[in-house]
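Take a look at the following structure, please.
Think of it as A, B and C in the order they're written, each chain with its own count starting at 1.
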């Protein structure tokens, strides 16, 4: 099992095999790119991180996995690697779960039901099932790869009818192609890239220029949609982690304010 | 025309058609042509018996008689595949992880919408993947889900089963058994 | 991999390749793959001997091993032809969606390369599709594009126009109108 996982993550950079992602920040950007390319999305990356931790999955803490995940996302962002919205959305989900785990929630009778991890765990399990299923499928012998149809030419007189095609069928086929091509144009436009590091700079500038506190909610631009909110949220948490801003709150459930560090 | 022995007729149909053939299809062809020793009484049963004999006769031969969802088909045994590939001068197509995972979701969770596939895999699905699988005739649209937008529902085809040598979807391994023990036991705790 | 007996390898290649194969082609495939009992010395001679044995083994079987100009191939004996025809006649032959779309792209966008077709359809194109259309004499290669690799350019033929009752390509319906009709159709539903 473990050999298989490390194999999956192997990247070759400048002729050197990377069997594991280096933990320090000194990583050639192309290594990261290869690394990211080898994942089929955020669930895959998350699963890899959980596995890589090698410790007992029984003791897995969402907090650790979330920190790791955010580190990777952050690193990739610094290196200006385009991150799909799915990766950022997952980061936000994890951050939300982490914060819920930290909050002293009112204890409920049924812990299982209210475990904020339940949903993500369910998704990870389903994803892993499908991942294994895909591997199984690929290993299953199939026609034209392991098996070839064994057949003798029929001695039948060569008057086998050929397929008939009429104009209507041809037109319908072509309009299908055109419709699909048009659909692709609409849906495969690259979305505008929102960069977490850029957002961090914006927020820092705003907070520094403000005389006192900036309301936390004022930093979000709702018209940027969910992705924009996620990016802003990530940027604030990053700044917080780096000690560049402080978030203050006067009491439980009171509004949050953001200030530049050392300005209080 | 002399009457022909059923055994040879069935063998000729199996090896001469180049495709999977069901007992029913063979029975219809025999009734259609006639000229068979012993007439057409209890044909299905008799064809079934011939097939058993033919399967046994493959012992020690470089080919075998497969029983899949689409019918019976002679195929060469796996160890000879490299020679035939080399002769044909073309490598069998390989499929990307994204394609295989998409196919796996459809095979194990059918019928599913594109949204279901995206939800399970956690990433956007490139249309060309579904297109390629439809093209390959491994999946088909079985209907539309009665939700806004009426998204298409995808399922696997008989050709899919035939290609993977399966008689029915029940022969796919159980998805839960594919999970590693660690995830199975650990994650929820 | 264990070494395989030459007899079975040759038999597998003959029955599994789907077309006539020459002794030379088989020798090359065997040298290419290796793993043959007795090594590759005097292969042509040994393959020739195996073929004689296989031909003798067809005695009393519903098929025989024919020596044609293109090479050797298994052929079912004439008396079984009606059964196989009847079997095939049960399903009227049709072209796949992929074949129809390929033909349509060539018709409306000619001359096009294989790459153009793949780009417009958004899927990889299986070579057998172009071959089937070339065989049918509905398309032909009109030249080569002056880009790296000099890919072949495909266009439709006179026979294509005849089949669809067209005097010239100008009579093909306008592509934009086709699309507008379809979109309107969709909106009306």
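In this section, a residue touches a chain if its C-beta (ideal position, glycine included) is under 8 Å from a C-beta of that chain, and two chains touch if they have at least 3 such contacts.
None of these values were measured; they are calculated from a predicted model.
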Most distant chain from subunit A by Cα centroid: C
Centrality ranking, top chain (CA atoms only): B
Inter-centroid spacing, subunit B versus subunit A (mean Cα positions, whole Å): 34
Where subunit B and subunit C are represented by their mean Cα positions, the distance between them in whole Å: 21
Approximate Å spacing (C-alpha centroids) for the pair subunit A, subunit C: 42
Of all residues in subunit B, the ones touching two or more other chains: 15-18, 63, 74-77, 80, 84, 127, 131
Contacts with two or more other chains, residues of subunit A listed in rising order: 148-154, 180, 184
Subunit C contact footprint on subunit B (complex, rising order): 1-2, 4, 8-9, 11-13, 15-18, 21, 25-26, 28-30, 32-33, 35, 61-63, 74-77, 79-80, 82-84, 86-88, 90, 127-128, 131-132, 134-135, 137
Subunit C residues touching subunit A - in the complex, by the definition given at the top: 12, 15-18, 63, 73-78, 80-82, 84-85, 88, 92-95, 97, 100-101, 103-105, 107-108, 120-122, 136, 163-165, 173, 175, 178-179, 181-183
Subunit B partner contacts - residues on subunit A that touch it in the complex: 1, 40-44, 50, 56-58, 60, 84, 86, 90, 118, 121, 123-138, 140-154, 180, 183-184, 187-188
Contact footprint of subunit C on subunit A as seen in their complex: 148-157, 160-163, 165-167, 169-171, 173-182, 184
